[in-house]
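Next, two complexes with subunit A in common: one pairs it with subunit B, the other with subunit C.
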Partner chain A sequence: MLRHTTKETLIALALVTPFVAIYGLVFVYPTIKMFLLSFTDAPLIGPGEYVGVENYTRLTSDRRFDTAFWNTAYFVLLSVIPGTFAALGIALGVERLGGRLQSLVLALFFLPYILPVSVVYLIWDWTLNFQFGIAMHVFDLLGIQRVPIFKSTAWFMPAVALVTIWWTSGFSVLLFLSGLRAIPKEIYEAAALDNASRWTTFRRVTWPLLWPVTALVLTIGLIAQLKIFDQVYLFSTGGRPNDNMVMVYYIFQRAFQSDQGGRAAAIAVVLFAIVMIVSVLNFQLMRLSRGRA
Partner chain B sequence: MNAVWRFGAVAGVAVLMAGSAAAQETVVWWDFLSGGDGVRMKQLIEQFNAEHQGEVVIDATTLEWGTPFYSKVQTSAAVGEAPDLMTYHASRIPLAVQQGILQEITAADWEAMGLSPSDYDPATLDAVTSDGKQYAVPFDTHPIVLYYNKDVLGEAGLLTEDGLPKGLESAEAFTATLQALKDAGVQFPMGSVTADGNFMFRTIYSLMGQQGGELMTDGEFLAGDNAEKLQNALSVLAGWTEAGLQSTYTDYPATVALFTSGEAAMMINGVWEVPTMMDLQSQGQLFEWGAVELPVIFEQPTTYADSHSFAIPANQGKEMTPEKRAAVLEVVGWMAKNSLFWATAGHIPAYGPVTQSEDYKAMQPNATYSALTANMIFDPKTPLAGVAGPIFDVMSTYFVPTLNGEMDPAEAVEAIREELNDLN
Partner chain C sequence: MTAMPLAGAPSAARMRRLNIAGGIISVLTVAAAVIWAFPMYWAVITSLKPENETVRPFIELWPETLTFEHYRFALFETQIGRWYLNSVMTALGVTILTVASSLLCGYAISQLRFPGRRLLWWLILASFMVPTQVLIINHFELVAGLGLLNTWAGIILPQLIHPVVIIVYKQFFDNVPKDFREAAVMDNASEWRILTRIYIPMNWGVTTALCIVNFIWAWNAFLWPFLAVTKTEAMTITVGITQVNDAFGVYYARQLSAAVLAGLPVALAYLLFQRRVTEAITLSAGIKG
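Entry: the complex of A and B
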């Protein structure tokens, strides 16, 4: 049969065009504009004068940018790896249950994931509020000094990381569960016949076979947590916003509170570059380690 | 046939539209009033609409207070989609003028509204003025005041014959009152919003003003001895924390709850909490209470205030018709003249003839604290100032640790000065 190559090309084009057009309009075009904006002194709305790389050079001596950068890195460290392991632990536990009980427990762990961030904030504020939080009454009962968790810099990031893990781990649990179910039962049977201990079975069978899913969960978490904003914004409202600054919050502050679109764009470009570099590094590392496993 | 029919329909619609336009102007209105004052504003709007049936109708929308409101106004004015009239904080006007999103209020406008600038307190009027031009019409001022529990203070023998707290005249005397309350077994003599530095800015800036201090002098933050004055103000409040006289790490709602539950005997808060107290008391759930101007901790009585004002957006590429502008001015003038009802929200009406009226003087505790109008200071005039502005965030970051005994006031002031000057 003869192939109508021109016709096929046309059909392919017609199918691809809507996506390319929308992608170009709402992603590529604004991204290019953002790069251009970062070289101007534009306010939030309207054009500005070209100022070269000044918006970038001043970041090197910008203390608040420093705070934002290190806080973001700290938050990623606190949330991504512990979050992945917490989800793995929960998935392994849920996997051992059966029938309705499994569905129920799974639902309980997944429930926080469907909550909007504002509700998450309220729940945890009711729990940890210094004057009226439920946890503080427990502290009083146990004779522990009350801790102003969201008002002290030492506790803030760990607490927000914990809340984030509580909030988002449900989705990772689902990914791990599907990964666990994809491991053939026969392998476990063979391991049992060889008298392998539970730990050896996990180390030699489960962990390597689950690695692709683990890598996926790590990557998704890494990219999501680099863009942390909502929780930090809500929990630090009125508290110590500039001490708890993270990258996206700083972009928001420069753009919407200080009306400095150009400077905000420069920070956004830096964050963009960081996400790109970290994702590529992450991907390469995962590939290497898989090769060894 | 078809074409004729279509033409007729179009003409008909056009006539209808023209007819309704001549008969009634719609004023699109945005505000950020969602609390107890929002309820009262809705009543005022309803009353206005009822009195102006067939002439002017207000189409009101309430939006999220703070940064979301001001971002939305700014972006919508840039594309010609801003409302015809909006509420605006006087403290945010310098930024709005820099962005070119407000229309000037001219002498002809004042006349059309039936108001005169001389009916307003000079400080309030100055707060809406930028480079000699007015950009808004003040509707109220909303300072902070000292709320106190008359029952508790009375029991401890800390009320004067006029029913005011003792010790309003100096730092020593006021601290002694707080200490006496503590000794009388009150858990928190002062309920203080110590977890929210944004809020504490109002108190601390007032205390700076009591020493004649300025936040910004010729574009420089905390110039000369102003840093020292800020440090003095912080030291007084940090001292209260150290002596266990005020609640620590308490956020805004918790502070109000501490006071209304009787656990805190006094509270420094905005006048907008007056309706909360009124409502609780009318339900028989509150003690006897009062509200009075802040104590004079330093040399002179001074209170920080902001003003809710009415501003007309400058819509890009969209000229306002004279009819529309007349309707907008009618709304603003009417609101000013009917602002006595607004006083029930705690705010002090900005329009002089209202606060000078006998009706207002009979209102309590409003009449007691409105004397502070003579001692008001407003935010420094810079695009960085005002509610939810960058200055607030810098202050908040250092006020919270200082007020809770984690940071030395001197260290905080040094950091604040550096960060404020970084903002430019």
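Entry: the complex of A and C
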């Protein structure tokens, strides 16, 4: 019996070794190093002196860190909540359609999610081009003065949020659709028998039953958008990166453009902590709401 | 047979009204889908126009002169072929290594008892919450230290953190009925045989789905490939088409043709394997689709 378990252990170890080796190298080791690095004045590559918590205390009076923090929060607000409602609306509309038309319409909404961010960037950079962009005809039509959108600080975040919603909604639509399909048809039949209006049915049946999915979509979006970088970086080229600074961009700038690995690591640790806190809170909330249901 | 007025006759009129409202919602949904997809259509159409037609002050939904010149240029006079190769190889590398290592480890965690199992599972769940973006500094240090900047291996390595793959595998292996395993053990089948003859074949569907989405994720990766590469010939296509401006200049149509080429493989993968892709993506969000 004992020999058998020893054998099982050996086989198990052999099976987990590749994964553990990869994880140790690219996850555990870098994570530990990130914490250690944040207490030094090291450059991007190479050793540095231990400086205690100085990198952290500096952040409290660092105006660019403030900008990065608030811009990230602003971006989350602009993209996650409207994005969730847009996806819910799309899912409700798509769910009504049938057969081929439904798959086609779903594919049209979903396709952007599959595209690389660089392609999304090139498409929208062209669509919103100040001189030749087709969206500017819409501006003219509405009587709005044309603006170089990605060069204007006021327009930048809302525009990037809009592009992000366009890019990522497909994913949320999928989640909402699977949530909608899980609602038993009998409940709708009962509501129809009671002569409930479309709006009442939505408010009293669909919305409450869909709430767990809505919460999931909101938190996945929240956690994903806290890590925003790609779009902001790409749309900032030739613009004003320092005004559009977000957390990951600031890590990138400190580490790769100012060659300050230690100070960048401190920002990374702060973002790491924020994401962890949000994830854990979210996990607890989910457990609570599941316990109640 | 003529329709008899039913007991709920007043609600029939109401139903008709509801159906009209429903019809309007359907029409609006289809219209929204067309508008939603329009920027993609517009990018493709622009890439097929001669440069001087792209900057006309009015809207032309179809090119007056259809041209493939920009595609010829992108394919033969830029390094896009090289970038394609880099993207294919790194995306394949990420996919194979992630899926294979996760499959083996997921099987061990799901089916075998060994010391450290709980700790390992806990570590995987914890890593699910860690944003890989915060690790860029140390990934750079690691990859540079190994001398792997500007190589396929260097682009691949930090992209191998996909705990969701192992979590999905564990779930699926947990759901394989125990009888199969017991019968195989009775026949003195080795662990390897049980894995390769029962567990893997029973889960081909999920393996295919995970491979496709892993490939798409890796193909679409931007931040890390962008940091790991400084030479234009080592770039992946997602990085190359945005970072090498002199290759395309301010030629809008030319640049969009490169964008179309970069998006085409993943768009095709999605359109061909639509059901698998959506299944895997829903799975990865923790919902069984």
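Everything below uses one rule, namely that the second predicted complex is superposed on the first by the 247 of 293 C-alpha atoms of A that agree within 3 Å, B and C clash if a C-alpha of one lies under 4 Å from a C-alpha of the other, contacts with A are read in each partner's own complex, and residues count from 1 in each chain.
Keep this in mind: a residue touches a chain if its C-beta (ideal position, glycine included) is under 8 Å from a C-beta of that chain, and two chains touch if they have at least 3 such contacts.
Keep in mind it's a predicted model, so treat the numbers as computed, not measured.
Asker: With the two structures laid over each other on chain A, which partner does A:A161 touch: subunit B (first), subunit C (second), both, or neither?
Answerer: The answer is neither, since A:A161 touches no partner chain.
Asker: With the two structures laid over each other on chain A, which partner does A:S258 touch: subunit B (first), subunit C (second), both, or neither?
Answerer: First partner only.
Asker: Identify the partner contact of A:Q131: answer first if only subunit B is touched, second if only subunit C is, both if each is, neither if none is.
Answerer: both
Asker: For A:V246, is the partner it touches subunit B (first), subunit C (second), both, or none of the two (neither)?
Answerer: In the superposition, A:V246 touches no partner, neither subunit B nor subunit C.
Asker: In the superposed arrangement, does A:V16 touch subunit B (first), subunit C (second), both or neither?
Answerer: second
Asker: If you tally the residues of subunit A touched by each partner, is the higher count for subunit B or for subunit C?
Answerer: Looking at subunit A, the partner in contact with more of its residues is C.
Asker: Report for A:L88: first if it touches subunit B alone, second if subunit C alone, otherwise both or neither.
Answerer: A:L88 contacts neither subunit B nor subunit C.
Asker: Once chain A of both complexes is superposed, is A:L78 in touch with subunit B (first), subunit C (second), both, or neither?
Answerer: neither
Asker: In the superposed arrangement, does A:R64 touch subunit B (first), subunit C (second), both or neither?
Answerer: In the superposition, A:R64 contacts subunit B only.
Asker: For A:L218, using the defined touch cut-off, is the partner it touches subunit B, subunit C, both, or neither? Pick first, second, both or neither.
Answerer: A:L218: touches no partner chain.
Asker: Following superposition on chain A, which residues of subunit A contact subunit B and also contact subunit C?
Answerer: 44-45, 129, 131-132, 237, 256
Asker: Can you check the complex and tell me which residues of subunit A touch subunit B?
Answerer: Per the stated touch rule, the residues are 43-46, 62-64, 129-132, 148, 151-152, 237-243, 253, 256-259.
Asker: Name, in rising order, each residue of subunit B that touches subunit A in their complex.
Answerer: By the definition above, subunit B touches subunit A via 67, 71, 74-75, 78, 95, 98-99, 195-199, 247-252, 254, 257-258, 383-384, 388-390, 393-394, 396-397, 400-401, 404, 406, 419, 422-423.
Asker: In the complex of these two chains, what residues of subunit A are touching subunit C?
Answerer: Going through subunit A, the ones touching subunit C are 5, 8-9, 11-13, 15-16, 18-20, 22-23, 25-31, 33-34, 37, 44-45, 90, 92-94, 96-97, 101, 103-105, 107-112, 114-119, 121-124, 126-127, 129, 131-132, 134, 137, 166, 171, 174-175, 178-179, 195, 198, 213, 216, 220, 223, 226-227, 229-230, 234, 237, 248, 251-252, 255-256, 261, 264-265, 268-269, 271-272, 275-276, 279-280.
Asker: Going by the contact rule set out above, which residues of subunit C touch subunit A in the complex?
Answerer: Interface residues on the subunit C side: 11, 14, 18, 21-22, 25-26, 28-30, 32-34, 36-37, 39-40, 42-43, 46, 54-55, 59, 97, 100-102, 104-105, 107-109, 112-115, 117, 120, 123-124, 127, 129-131, 133-142, 144-145, 157-158, 160-161, 166, 191, 216, 219-220, 222-223, 227, 237-239, 241-242, 252, 255-256, 258-260, 262-263, 266-267, 269-271, 274, 277-278, 281-282, 285-287, 289.
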